[in-house]
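Some structures to go through are shown next.
Here subunit A shows up in two complexes: once beside subunit B, once beside subunit C.
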Partner chain A sequence: MSQFFMAILIIVFGGFLALLLARQAKLMKLIAVFSLSAGCLLGVIDAGTKLMGSDIYTASFSFLRVFSLGFQMDGLSAFFLFAIFLVSLLATLYSFHYMDHAQKPLRVAANYFFFSLLIAAMALVVCSSNIITFMFSWEIMSLSSFFLVIYNYESAENRRAGYLYFVFSHVGAMFIFVAFGIVYGLTGSFDFTAMGSLTETAKYLVFIFSFIGFGSKAGVFPFHVWLPHAHPAAPSHISAVMSGVMIKTGIYGIIRVYSLLDFNTPVFGYIVLVAGVISGVLGVVYALGQQDLKRMLAYSSVENIGVILIGLGIGMVGVSEGNPLMAVLGFAGCFFHILNHSLFKSLLFMGAGMVLHKTGTRSIDALGGLLKNMKITGATFIIGSLAISGLPPFNGFVSEFFIYFGAFKGIALGKTAFVMCIFAIVGLAVIGGLALACFTRVIGVVFQGEPRTSAAVDVNEKGATMLISMLILAGACLIIGVFPGALIYMPMKAVSALGLAYGNIPLEPFYQMTGNITQSAMILFAVVLGVIALRSFFYRGKTIGKSGTWGCGFTQPTAKMQYTGSSYAGSILEFFSAAAPLTVEHSPISGRFPLKTDYKSRINDIAELHMGTLIVRPVLFFFDKLRWIQHGDIHLYIGYILLAIILLLFFI
Partner chain B sequence: MIESVILWFLAILIAPFFSAVILKVKAFFGGKKGPPLLINYYTLIKLFKKGSVYSNSTTLVFKLGPIISLATAVTVLMFLPIAGYTPIFSFNGDVIFIMYIMGLGRFFTIAAAMDTASPFEGMGAAREAYFPIICEAAMFMILIFFYRLTGELQLASFFTGGNTLGLWNMAGAPLLFIVIAFFIILLTENSRVPVDDPATHLELTMIHEVMVLDHSGPDFGLIELGSFCKLFFYATIISRLILPFDFGVPAFGFALFVLGLFIVYLAIGVTESVIARYRMDKVPQFVLTSFALAFFAIIISLEFIK
Partner chain C sequence: MIHPVDTLLSLVLLSVLFSFGTSRLPGLIKVVAFQGVVASMVPFFIGHDMSAGGVVFTVATLLIRGIIIPLCIYLAIKKVAIRREVEPIVGYHASILFGLGLIVGATYVSRQLNLPAISQYLLVTPTAVALLVTGMFFLIARRNAIAMVLGYIMMENGIYLVGTTFSSHVRHIVEFGILLDVLAGVMIMGIILQNINKTFDDVDTALLRTLKE
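Right, the complex of A and B next:
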C-alpha cells in the first residue's frame, strides 16, 4: 500500500505548500496543481493496477497508543479509489485556469489546502478497515468540504448553504455513530469485521441507521436537502468533485456495511430499491424545475444516486432470492453507474463552471445561444447530457443496460421480488424519459437559440486546462459507451470483493453483453455515416440560403419570445405537481395601460418544505423549553461542571 | 441473412407508400378523392431536389437533427423481424437498445428544434419531451409482459416464425390488451390524432410538425423518411401481433403480413377521421391508458403462467 500512502502524502503536502506560498499567487497555484495532480495520477495508477489483481492489501498504525488506524484495500476500495483519484485529477487540472480570476490569493491557497484534504480524506474513507479510522477520515472529509462550500462566504446564500451542509453532514454522521456504536457496544471491537457476528435484530438496526447516515451524504431522498444548496455554492471544480465522487462515499458506506453485515434478508434490498426509485424520479423532477444551472445538476445527482441505488437494490434482492446472475448484474450495473456518473457529472459541472466563469450567471433563463461561441464547452456538454440521459452510444447507457437486465431477471421471481422489479424497471424508464427532457431543456435554453440577456452575448471559452479536462471526460464517456468490455473487469472486481460466495465470477457472459453493445454502437455509427454520405450527395452543388427563423408569419421576433426553460418544463411539472408543488408570485396588473409586472415561479422540494414543519419546528420547540439552563450565571455553570464530574464518577 | 437485408431495404422503400394509405382513408371519410398513393414519393423526390435555407440562429446541431433521426429510425428497422423473418441483427436485450436508440433520435429532434430560437418549435419540443415519458413506461410494461411469457429480451423471440402464435396460445386474452396498448403508443409516438394533428393549420396546436418548421429541402426529406420508417416499425409489430399465422409458404406469409399492415394503417386512418385531437392536457390521460392496459395484462397473465 506504500504507493497509495505516497499519493496521499504528495496530495496533502501540495495543499500545505499552497498555504505556505500563498503570497506568490502564480507559483502557489502552479505547485498546488502540480503536486495535487501528481498525487492523484499516482493514485489512479495504483488503484488501476490493484484492480487488475485480486489481492487484499492491509496496513495499520498505532494512534494515541489506544486505537489502531487500520487500512485495507480490496477490490471495492480500489474501484472507488480509481473514480476518486481520476475525477480529482481532472478537477485539479481544470482548477488551474478556473481559479484564474480570483483576486484573493490567500483564499485560493486555502481552497487548494482544503481541496487536498478532501481528496485525501475521501481516499482514506474508502480504505478504512476499522470504525475509528473510518469516522476520522469521514469527519475530515465533511469538514474540508464544508470550508470549500463557503469559498464565497460574502454571499449570504452561500453561508446558509454551508450552514445547512454542516448541520446535515453532522446529523448524518450522528446516525453513522449510532450504527457503529451498536456494533462496538455489542461486540466490543472497533474492527469492521466484527459486524458479521451481530444478532439479526442488531443487523437490522445497524443497516437502517447507517443507511440514513450514509444516505444523507449520498443525497438519497428525503435526506438530500443540503445537496442542491451546497453543491452550487462551491467553486465548479469542487462541485464536480463533490457531485462526482464525494457523495459516492455515502454509497460506498452503504455497500460496505451491507457486505460486512453478511445478512441476506430481502428487506435491505427492498429498502434500497424503493429509496432508489423515489430519489431517482423525484430528483429528476426537481432538476427539471430548477432555474439555476448548477442547482439543476445537483438535483440530477440525486437522480443518479437513485439509479445507483436501484442497481444496488436489484443486486441485494438477487442475493436474497438466490439468483446469482441477477445479483451480479445489479451490482455490476450499480458500480458501473458509479464510475460513469462520476465522469459525466463532473464533465457537466465543469461545463457549467465554464458558463458561469464567462457569463457571470447561473440562471438558465438568462442565457442562450452559447454554442456559437463556446464550441468545445457546448459539444462536451451535449455529450455529457446524452450520457446522463442514458442514451447509446455513451457510457450512461451501459450501466442502465446492466441494471435493466438484472431487473428483468427478477421478473421471473416470486411475488414481492416481482413487484419490486416492475417498480424498478418502470422507475428506470420514467427516470430515463425525464432525464432526456431535463437535459434537452438545458441544452436548448442555455446553449441553443439566441442570447436572452446581455450576459450571454460575446462570450468566449478561454482556459486551456479547463477545455482539456472537459475533452478528456467527454472522450471517456464515448469510449466507455462504445467499448465497455475494456472496463468491465473493474466493476466485476468490486462485485467479487463483496464476499457473496459466488467464487470467481466468470466474465464471459458479460463480455457477450458488452460485445453486443459495441456491435450495436458500430452499427449506429455506420448508419449515421451512411446518412451523412446520403445527405452530402443530396446537397451537391445546391444553393444554401441563410435567413431568420420562421416566425409563423410574425416578422418582428425578439430573443425574449423564445421558449424559456420554465415553460419547457411547465407541463411535465404539472403532471408531478403532487410531489413538486409550484409557487407563483405575480404582482397583479392594474389600470388600462399596465406598465410593468413581474412573475416569479419556483418549484418546491417537498422534503425541504416539510423538513421545517416536521423536524425543525418540533426540535426548536423542545429546545426552547430547555432555555432556562442557559441563564448566563457563571456560578451555576461551575456547578454544572461539578455535577457532571460527580455523575461521571458513578460510571467509572 | 441476405433476405433479412432485402426485407430491411424493402421496408424503407415501402414505408412512404403505407403512410399515404392513411391520407387516402381520411380523404374517403371527407368525401374527397385524396392525393395519389405515391404522393409521399413525389414529395420526397421534390424535397431531395431542392436546396435549403437555414436560420441564422442555428448551429451544427440543427443539421445533425435530421441525420440522427433518420439514422436511428433505420437502425431500429435492422433489429425488427419483418413478416416473421429473423432481423439482420439481434441480441439478447436488443429491445432495450431499440428503445434507447429511439430516445437518441428524439433527443436530436428536440435539440434541432430548440436550435432555431422559435417559440413555436420550443413549444413542440416541450411536448415531444413530455408524452414519450409515459409511452416509455408503457413500453417497458409491455416488455415485462413479453418477458414474463418468453423469458427473453429480444424482438426476434417475440415476432419471428411461430413465436407470436405461441404467445397467443400462452396468454391470448391479455395479449389483446397489449395490442390496444401498443396501438395507443403507436399513435402517440408517431404524432397521430388524437395526440397530435399532422394536418392542422395552426402551429400552436402541433407537436411534431411544428418542430420541423425550419427544416427545408433534403434535410426535411430525411426527417420525413425517418418518420415513415418509425411508423412502419410500430405497424409491423402490430401487424405481426394481429395476424401471427405461419403457413410455411413464403408468399402466403407475405400476403398476410401486408394485409396486417393495411389493417393497421386503415385503423390509423379511421381513428384520425372519427376522433378529434384531444386537448393537450388530456393527452397524458390517453397515453396512461396504454400503461394501465399493459399493467392489467401483466396481472392477468400471472394466472396463465402458473
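Right, the complex of A and C next:
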C-alpha cells in the first residue's frame, strides 16, 4: 500500500504547494501540474501492477484513538483506482493549457488545491474498508468537488448549480448514513465486513437506502437532477474528471455494498436493471434535446450510468439464478463500461472544453464548421462519439457487447428473469439508437456545416497539452476497441474480487469473444481502406468542385439555411414528449411579408419538474411557517441555548 | 466553625446579588473583577496540596480573571465612550428578586446533584450554579453588549468553581483550558462589539434585529 499512499501524498502536497505559490502564476501552474500528474502516474502504475496479481493489501491507522482508518485494496478497488488515476492524470495535463486564460492566479491555485483533494478523496473512497473511513473520504470528495463546481462563482447560474449539487450530495450522503447506521446499529461494528451478518430485512433496507444514496452521486434517474447543472458549471477538465470517474464512485458504492451484503436475491438485480434502463433511455432522450454542449454530455453520462447499471443488473440476476456465465458477462460488461465510459466521456468533455475555450460559447446551435479549423479536436471528438454510441471498432462496443451477450444468456432462464433480460436487451437497443442520433446531431451541427455565428469563425486549436490528452484518450478508445483481449484481465480481476458464488470464472469464452471482436475490427478496417482506395481510384483525374455545406444550389446561400440541431432532434423528441415535455416559444408569423420572428425550444426534465412541485415546494411551505423562530433578537437566541441545555439535562 | 472557602463563596454570592442591582457598566465591571479575584482564591483554601506549578497556575488565573480582562473592558468603554447604562430588559428590582430566588433554587438543586468530592464545603455547588444562571440571565436580560460580555465571564467563573473541586492533576489543565476559552471568547466578543458599534453607533444588541432578512 505504501506506493498508493505515496501517490496520494504527492498529489495533496502538489495542491498545497499551488496555494503557497499562488503569486507566481506560471511557476504555480507548472509545479501543480507536475506533482499532480506525477502522483497520478505513480497511482496508475501501482493500480496496474496490483491488477496483475490477485493479492489483497490492507493498512490501518488509529484516528483520534476512537476510530481506526482502515484501507483495503483488492481487485475491485484497484480497478477503480486505475480509472481514477488515469483520467485524473490526463485531465491534469489538459488543465495546463486550459487554464491559460485564467486571469486570477489565486483562483487557479484554489482550483488545483481542490482538484488534488478530489483526486485523493476519490482514491481513498474506493480503498476504504470501514464505515468511518469511507464517509470521511466521501465527504471530502463531495466538498472539494463542490468548490470546483463554483469555480466561476460570479455567474448566478453557476452558484445555483453549486448549491443544487451541494444539496443533492448531502441528501445522498444522508441516505448512505442511514444505510450504514442500520449496519452499525445492528452489528455494533464499523467494519464493512459486518454487513454480511445482517438479517434479511436489514439487508434489503441497507441495499435500498445505499442504492438511493449512491445513485444520487452516480446520477441515476430520478436522482440525477444536479448532474446537468453542475457539470457545465465546472471547468472542462473538472467536468471530465467528475463525469468520467467521480460519478463512478457511486457505482462503486453500489457494487461494494452488494458484494458485502452477500445476499443473492433476484430483487436487487431487478431494481438495478430497471433503474438502469430508465436512466439510460431518459438520459439519452434529454441529451438529445439539449442546446448546451456540456449539458448534453452530462445527460449522456446519465445514459451511460444506465448502461452500466443494466450490466450490473444482468450480473446480479445471473448470480441469483445460478448462471455463472451470465453473471460474469454482466459484471465484466459493467466494469468494462465503467473504464470505457471514463475514457470516452472525459475525451468528449475535453473536446467540448476546447470548443468552449476557443469559441467562448457552449450553445450547439451557435457553432458549425469547426472541423475545418480544429482537425484534431474534431477527429478525436468523432472517435469519442462513435465509442459512446457503442459502434465498432471502438471500446464502447466491446462493453455493450458483453452486456448484450449476458442478457441473451439469460433468455433461457425462468419467467421474471426472462422478461428482465428482454427488457434489458430492448432498453440497450433503444439507448444505442438514440445515442447515435444524439451524437450525429452534435457532430453534424458543431463540427460540420458552416459557422452559424461569428463565434465559430476563425477558430484555432492551440494548446499542446490539451491536444495530447485528447489524442491519448482517443488512442485508448481505439486500442481497447480493437484488442479487448489485452485488457480483459482488468475487469475480470474486479469481478473475481466480488467473491460471489460462481466458482471458477470461465475465461475461455471471453478470449474467444475478444478474438472475434479483433477479427471483425480488422475486417472493418480492410473494408474502409478498400472503399477509400476505390474512391480515389474512381475520382482519379476528375475535377472536384468545393462549395459551402448546405448550400443546396442557391446562388446566395447563408449559414442560416442550415439544418439545425433542434429540428434534427425534433421528431424523436415528439415521440418521447410524455417523458420529456418540450416547451416551445414561437411568435406567430402574420401577413404576406412577415417581419422578424423567433423560435425557442427547451426540453423539460420531468424529474426536475416534479422535484420542484412535489418536494421543494412543500418543504419551503413548511419551513416558511417556522420563520418566526429566526426573529433576529440575540437575547431570545441565547434563551434558545439555555432551553436546549435544560432539556438536555433531563436526558442525562 | 465556618470554613474559609465558604466565607469566600458567600462573598461571591453577595457579588452576584450586587450585580443584579447594578445599573452602571463601570460598577458592574468592578463587581465582576472582585468576583474573579475571590473565585480564583478558592483553590488556595480548598485543601488540595498546592505544588509550585499549581500556585503559578492559580496566580495566573487570578491575574487574568480578576485584573486583565476587567481592565481591558474598562479601558475599552472609556475609549469608545459608549453609553454607561446596562439597559435592562428585566428591571433592577425584579432582577434582585430573581437573584434571591436563584440562590435558594441553586441551593436546592445542588442538594439534588450530590457531588461527593466537595460535600464538606456547603457553598461550592450552589455558588457555581448561581453564577452559571446569573451569567445566562445577563446574556438574556441586558441589552448592552458589554453587560452581556460580563455575563459570559460570570458564567465562566461558575464553571471554574466547579473545576476547582476536582482533586486530580487534570484540574490545572481543565482550568487553564477554561481560561483560554474566556480569553478567546472575550476577544471575539470585542471584535463583534467593535463591528456593532461601527455599524449602529451603539452597542445595543436589540439593533441587531434590523439585520434579519
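As a working rule, the second predicted complex is superposed on the first by the 604 of 652 C-alpha atoms of A that agree within 3 Å, B and C clash if a C-alpha of one lies under 4 Å from a C-alpha of the other, contacts with A are read in each partner's own complex, and residues count from 1 in each chain.
The criterion applied here is as follows: a residue touches a chain if its C-beta (ideal position, glycine included) is under 8 Å from a C-beta of that chain, and two chains touch if they have at least 3 such contacts.
Treat the numbers as computed from the prediction; the structure is a model and nothing was measured.
> Just checking: does A:Arg540 make contact with subunit B only, subunit C only, both, or neither of them? Give me first, second, both or neither.
neither
> Now for A:His631: first (subunit B), second (subunit C), both, or neither, which partner does it touch?
In the superposition, A:His631 touches subunit C alone.
> A:Arg592 contacts which: subunit B (first), subunit C (second), both, neither?
neither
> Touching A:Gly639, do we find subunit B (first), subunit C (second), both, or neither?
Touch status of A:Gly639: second partner only.
> Counting residues of subunit A touched by each partner, does subunit B or subunit C come out ahead?
B
> Touch test for A:Lys26: subunit B only (first), subunit C only (second), both, or neither?
So A:Lys26 meets neither subunit B nor subunit C here.
> Could you give the residue numbers on subunit A that contact subunit B in one complex and subunit C in the other?
In the superposed arrangement, which is not itself an observed complex, subunit A uses no residue for both subunit B and subunit C.
> Hey, which residues of subunit C end up touching subunit A in the complex?
89, 136, 139-141, 143, 205-206, 208-212
> Could you list, by residue number, the parts of subunit B that touch subunit A in their complex?
48, 50-59, 61, 66-68, 70-72, 74-75, 78, 89, 91-94, 96-97, 100-101, 103-104, 106-107, 110-111, 113-123, 125-127, 129-130, 132-134, 136-137, 139-141, 143-144, 147-148, 151, 153, 203, 213-214, 217-219, 221-222, 280-281, 284, 298
> In the complex, go through subunit A and note every residue touching subunit C.
630-636, 638-639, 642
> Over in the complex, which subunit A residues touch subunit B? Could you list them?
Per the stated touch rule, the residues are 368-369, 371-372, 378, 382, 386, 389-392, 397, 400-401, 404-405, 408, 411-412, 422, 425-426, 428-430, 432-434, 436-437, 440-441, 443-445, 448-450, 513, 516-517, 519-520, 523-524, 527-528, 530-532, 534-535, 538-539, 542-552, 557, 559, 561-563, 567-572, 574-575.
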